[in-house]
């Protein structure tokens, strides 16, 4: 995966959620989402689905960009295991995705979600399937 | 949890995603989301984050409604494990959440996500923490 | 997978744990383990590792037997997610593995672990990788 | 958790598997298991249940020792999510458990399993429930 400039996702669900990638290298991606009312659950906490979505979209995109460039393969989420440790109610959701495994048919990433104070608020383990491009 | 009439979530992330509950009993909840462009990932499939969010919001709400009525407790997502089996690209996403465990401090739900043809497309296992209301 | 007669695993870790398959059809496998002191953790409960192992071995074997017979493929565990709901301290551990997905490259099983009274004590979701036999 | 000298588990399932703790500090535990025939699955790989068991027993014991000393609480496994990345067939299974979260009612650990060459072979995420000692 090439170094890419900071950028927001420009389409689909990642845009609706408001995910911005702020730094990306071969095996780490930093992203963030600004908290706003429509990302909360009824008690005023950032919805757990937002964390799961950040993990899903960042890791899928990073895997896709890499395997597509290298060997014309595609990538799609296979399993998303997100655990919630501490609520976020305002400010910015910060995500750090770290690639842990790069196999022929699956990649695995660990994602850490933190609040503005740097507290670990959620963790996610993403398994991404890598498959040949269909003709 | 009392029988409730079909209804859409009216606030927050569940509203942004467009989750509607169509039937709910004590230990099962049916919900659905109409597929629209802003719920897709770049390849045109419903984003995995949408499935994770449906599971999160339906199970959290159902647990909260029940434990809040019965013993003034609150509920919040603790772990969301979603596996993706088959893509959905259009139509309606159908979810069936089934309560599997009702403990004093945690509830567990299994969620099945299907497409309009009834194919199983994703499964989710939600663990919800139940805690006393803070004073 | 053909119907097979009740049988104990005869080698390796499944034998050490003492797993017996009591009934198996195409998409369900029943198995059991008799509780004995060396399967407990220090507080006298069946060790969580025992439940994870039953799920692992039963689902891997069932998938292997099927894909090997049908298309000379092999199968191996890819992910094992086991949640613990209620302790077992004596008697027999009963497992029911239900196939939920049969894909080209992955199979998924849900496993329910119960005690002698029929209480649900643990659940496991197994993802099994299916791969071509190496030459 | 006090620093403890290297030691093998002396009872129950952890002893049957042959888990030895080689180093332990407040938030990290190193452990190992010597590979032997009765830990393998039929294809000659270390059984996935062995990795799950190492994670389960090391993290449960470390949490128990800490919460029991500090506040007379008990600890037990709540969820064990183990992913398999690369087989081990011989030598020693090395485990490193790192505490990631220390809440009032749950602790979370990440476990990395490696082979003698230092390759990452499995990862496990353990959630441990912390509960008051019953009278």
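Details
By written order: A, B, C and D. Residues from 1 in each chain.
The working rule: a contact is a pair of C-beta atoms (placed from the backbone, for glycine too) under 8 Å apart; a residue touches a chain by one contact, two chains touch by 3 or more.
Please read these numbers as outputs of a predicted model, since none were measured by experiment.
Of the two chain pairs shown, B-D and A-D, the one joined by more C-beta contacts is A-D. Put simply, chain A has to spin 180° for its C-alpha atoms to lie on chain B, with the angle rounded to a multiple of 5. Averaging C-alpha coordinates per chain places the centre of chain A 21 Å away from that of chain B. Chain B and chain D have Cα centroids lying 32 Å from one another. Centre-to-centre, using mean CA coordinates, chain A is 28 Å away from chain D.
In chain B, the residues touching two or more other chains are 78-79, 81, 83, 127. If you sketch which chains touch which, every chain touches every other chain without exception. Looking at the complex, you find that chain A touches chain B at residues 11-17, 37-43, 45, 47-50, 52-54, 56-57, 60-61, 64, 74, 76-84, 87. The touching residues of chain B, when paired with chain D in their complex, are 78-79, 81, 105-106, 127, 129, 131.
For chain C in complex with chain B, the touching residues are 81, 83, 85, 100-101, 103, 108, 110, 120, 123, 125, 127.
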